[in-house]
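The two complexes that follow have subunit A in common; it is paired with subunit B in the first and with subunit C in the second.
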Partner chain A sequence: MTTALENVDLRVGQGELFGVLGPNGAGKTTLIKILVTLLLPTSGEALVDGLDVVRDYKHLRSRISMVSGGEQAGYGILKVREQLWMFSQFYGMNSKAARRRIDELLERLGLAEAANKQITGLSSGMRQKMNLIRGLMTDPRVLFLDEPTVALDVGAARDVRSEVQRWMREDPTRTVILTTHYMQEADELCDRVAIVNRGRIVAEGAPRALKESVDEDVIVDLQLDPGTPLLDLLRAIEGVGAASVREEDGVDRFSLLLADDAILPRVMTTVESAGRRVSGLVRRQPTLEDAFVKLVGRSMTEEEA
Partner chain B sequence: MGIVMPRQLIGFAAAVRLGWAVSSNWTRPILFVTYAVLRPISVALILAVMYSVITHNAAAARPYLAFLIIGTAFWSFIQEGVSEFATGILEDRGRYHILKYTYMAPLGFPLFLVGRATSKLASAAASVVIVLVVGTFALQLSISPLRIDYPLLIAACVLAFISVIAFAITLSMVLLAGKDTHGYGEIMAQFLYLFSGAIFPIAVLPGPIAWLAALSPLPYWLELCRRSILHGQVYQMFPSLSDGEVLLRLVIATAGTVVLGYVIYRWTDRRARGLGYIDMEANW
Partner chain C sequence: MIGAAQRAEYPALRIFFKTIAARAYPRVMAANRQKTWLFFDMAFPVVGALAMVLVYEGLHAPRQYLGFVVMGGAMLAFWQNVLWSMAAQFSWDRGNGTLELYVISPTTFEGVLLGMALGSMFTVTLRAAVILVLGSLLFGVTYTAGGTLPAIGVFLLTLSALYCLGMLLASLFLFYGREAWHLSNAMQEPVNFLSGLYFPVHALGAYVGGAASLVPMTLGLDAMRQLLLPGTPVFIPAGIETLLVAIQVPVFAVLAGVSLRYMESRARRDGKLVTRWE
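Here is the complex of A and B:
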């Protein structure tokens, strides 16, 4: 039997926007499913808003809601407003108040014109916004967002993020737990994040604090023309804390964490002896991604060996 | 399932509306005509014609013909309530990806399911009436709306309604707690068809199966439907029992179904949640 989560010990404060960061299969969704009472933990204890997710699940359910990204959720033949209203009723909301709130949220997320459209006819961005409205309209104490912007275009993702931020500002006692594998999203949105890898928490703290963990390092971006594989060779160099690569516009962009400047000549020697040509080199400020690579040993998008 | 509070009542009403909008066939007339009218009528008529050929249309065979038609007409309840409904719940999970959200809602999942099933059973009731009317004219059965014992019929159908709903929501959870359960709802309905006394008396079943069938509420319900519609002119499965005695058995069997259904529901709910199947993406 595989264990999806192990020794996860987390505490999220009221009013926090907390991020759970991790690559595919890290256990983010599993964690959320346990917290929203969809999955029973095999061992351990979890409290949400002071209620035990196993014993008090019935009371807990009226205080939380969840929105998952990357799925086409919704009864296709219902209209947007109709489906939202039905969910408001499952939460026992007053019908009139619910309609007002739904219209207000539709308006704010730019869906007012789609309110009477069938859900089948929505783009995936519109559907995701509709789902966000479903999560927000019941005014949960804790809102769970599982990759809320995955597969959205830049504009829709920005709308979703800013609505979440606005909702948090509206009432400082609200709490959001959000999973993502977009580093920038976590950096921009979250008060604190936990980095999860293979079911374990490898780091936890404010994005700025995590970035400080790579402050001592020299961070270099190397741009190389395509050629023989280089990543393992670079990682083998003493003083290279971490290395990652992504292909972009036909060139390989390497990010290197070096213990100090003196390592750079060794890196260049390795690159040249592999016959690769350097087309760009910059030294830059650390990002959350760099902290992640240093902690996990690989980038978010890199497949596990 | 807890006490029904006003908050839960409005949620329940919304679940009824949802079932109506999403899966009651009559919002799509062609589907309604095909599944709730043409299908049961053809089943009833095929059986009736087969039976008439075998019995050479003898007058003595009339009571059994009526038995057959009333049995198949009321069968729509099981077809819609069990098979179609349980399939609908799997659709909510696999096709609409929305089951996890209704499952999490404070309304409570069992109450949601009851609401969602209600419109199915209402459309099944329409189908029952249509099949009875068509069957009466086509086969010249002596059914008259003025001679029906309505109190008995309604009492029997209310109890059957409770059993079917209990059975349907339990079956839904059983299917949700299994891995590749698509299509099992249909198989279950066929299985019940055989030992509910819909097309032949349960006494002709082999010993242990007949005994099992006698524990189910369905034969008593169908017996009461037949008696209330055609007193004395229809073949009886339980000739030694009075109407009151059949009704009593139906009450007991219904109570048993509800209790057993609740126990199984609780157990399979824990299983589904333990395995994380409530939001499973496969299975569609």
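Here is the complex of A and C:
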């Protein structure tokens, strides 16, 4: 048996937009599914809005909502407005009030023209906006977003993110728990994040604070033409805090966390000795990805693999 | 600010009735927007029932046998609806993630399932009515007029018991995947046979007929035949059959409620609610 989550201890305050960040398979979705009462924890205790997810699940369900990335729920035969109305009724909403609210949200997310379109004809971006409206329309106290922008194009992802931000700004008592493996998304949206890896929380704090943990490092992005493997050689250099690589557009992009500038010449010597050609070198500001690499020792992509 | 904050925890009964109406809606819309059901869900079953009538005609069976087939064909529509459009629907809902949304909402499975049943009622009733009217007219089946009202009462009771049984079966789909499909498959042809859809249950004998009586359709159909078709061989007197079906309604309703809660709990514990296709 695999343990999906272990010793997870989190406290999210009312009004917070809290991110659970980590690679695929880290345990983020398991955590969300426990909190929304879809899964029973094998041990421990979880409270949402003060209610126990095991004992008080019936009351809890009227206070929460969940939207997942790539969600296909509902019935393709229905039109957008009809499907949203249907889900509103499962919460007991007044039909007239529900329709008014649905129309307002459709307008706000730029879906008003698609309101009478059959769901099977929606693009993935439109579909996810509709799913988000489903999550928002009952005005939950706690909204769970599980990878809400996964597989969306840039524009649709931006619309989803800005609606979440706007929704939070409107009422300080609203709380959002968001899982994502997009570091930039967590950085942009979240007040605080927990970085999860292999079922454990490896760090928790405001994105800025987490990035500051790598502030003293020199962060260098190195672009190399394809060639002999280099990652282990670079990691072996004294003063290289962490190194990761991803292949993109036929070139290897290395991210290196160096103790100081003096390490860079040693890095370049190693690269040249390996017969690799440098096609780009940039020194940049730290990101949450760098914080992850420093904490875990490997990149998210490597962890997913 | 969008609309007024909802945040109300509505009474369970209000959610229950709203859920029934909401879940019935897609079924009603599907019947309006996808007319293919007229062909697949109506023409095919009508032909099937009429073919059985022709077999009896060919065998020169007593006239009331034609009535047995016509009535059995009509009831078959409701049984298939229970098996595939109600019980098995949770399997599809789980596959596309809709089941998760039912579970995390404050609604109940009973509301969702009754909504499914009610939503299909128009198409299923139409199919049953076409078989009944067409079969009766084409083959000259005559009914006892005096038995009509009591038969309608028995029919409604049988329907209630059948749909409660459907809820009980649906609970299995909360936990099981393909295994439950096999069960539904297994409950189709054997139940069609054991319920005496195309012949009187009396022919099965006391033991087999008694076991088959666990499915409300067996007793209900036999009681309706006794009331409407003179000369129907008596398995159990119609009054007692009606009483037994009436008892089955609350029994299956309670069992369904208990089973739905239990299966949900097991499914939450074993992660079955978040498993998609399996």
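Brief remarks follow.
Here is the rule we use: the second predicted complex is superposed on the first by the 301 of 305 C-alpha atoms of A that agree within 3 Å, B and C clash if a C-alpha of one lies under 4 Å from a C-alpha of the other, contacts with A are read in each partner's own complex, and residues count from 1 in each chain.
Simple rule for what comes next: a residue touches a chain if its C-beta (ideal position, glycine included) is under 8 Å from a C-beta of that chain, and two chains touch if they have at least 3 such contacts.
The shown structure was predicted, so the numbers you read here are calculated from the model rather than taken from an experiment.
Per the definitions stated earlier, placing subunit B and subunit C onto a shared subunit A by superposition produces a clash between them. More residues of subunit A lie in touch with C than with the remaining chain of the pair subunit B and subunit C. In the overlay built on the shared chain, the residue A:L38 is in contact with subunit B and with subunit C. Looking at the shared chain after the overlay, A:L105 reaches subunit C, while subunit B stays out of its contact range. In the superposition on chain A, contact is made by A:L136 with subunit C only, not with subunit B.
Once the two complexes are overlaid on the shared chain, A:D171 sits against subunit C while remaining clear of subunit B. Of the two partner chains, both subunit B and subunit C are touched by A:F87.
By the touch criterion defined above, A:A97 reaches subunit C but does not reach subunit B. Note: residues 33, 36-40, 58, 61-62, 64-66, 68, 71-75, 77-78, 82, 85-87, 89-92, 95, 134 of subunit A belong to the subunit B contact set and to the subunit C contact set alike, using the contact criterion stated above. Subunit A contributes residues 30, 33, 36-40, 42, 58, 61-62, 64-66, 68, 71-78, 82, 85-87, 89-92, 95, 134 to its touches with subunit B in the complex. Within the complex formed with subunit A, the subunit C residues making contact are 1-11, 14-15, 18-19, 21-23, 25-26, 29-30, 33-34, 96-98, 100-107, 112, 265, 268-269, 271, 273-274. For subunit B in complex with subunit A, the residues that touch the partner chain are 2, 7-8, 10-11, 13-15, 17-18, 21-22, 96-98, 100-108, 112, 270, 273-274, 276, 278-279, 281. Of all residues in subunit A, only 33, 36-40, 58-59, 61-66, 68, 71-75, 77-78, 82, 85-93, 95, 97, 100-101, 104-105, 108, 134, 136-139, 141, 167, 170-171 touch subunit C in the complex they form.
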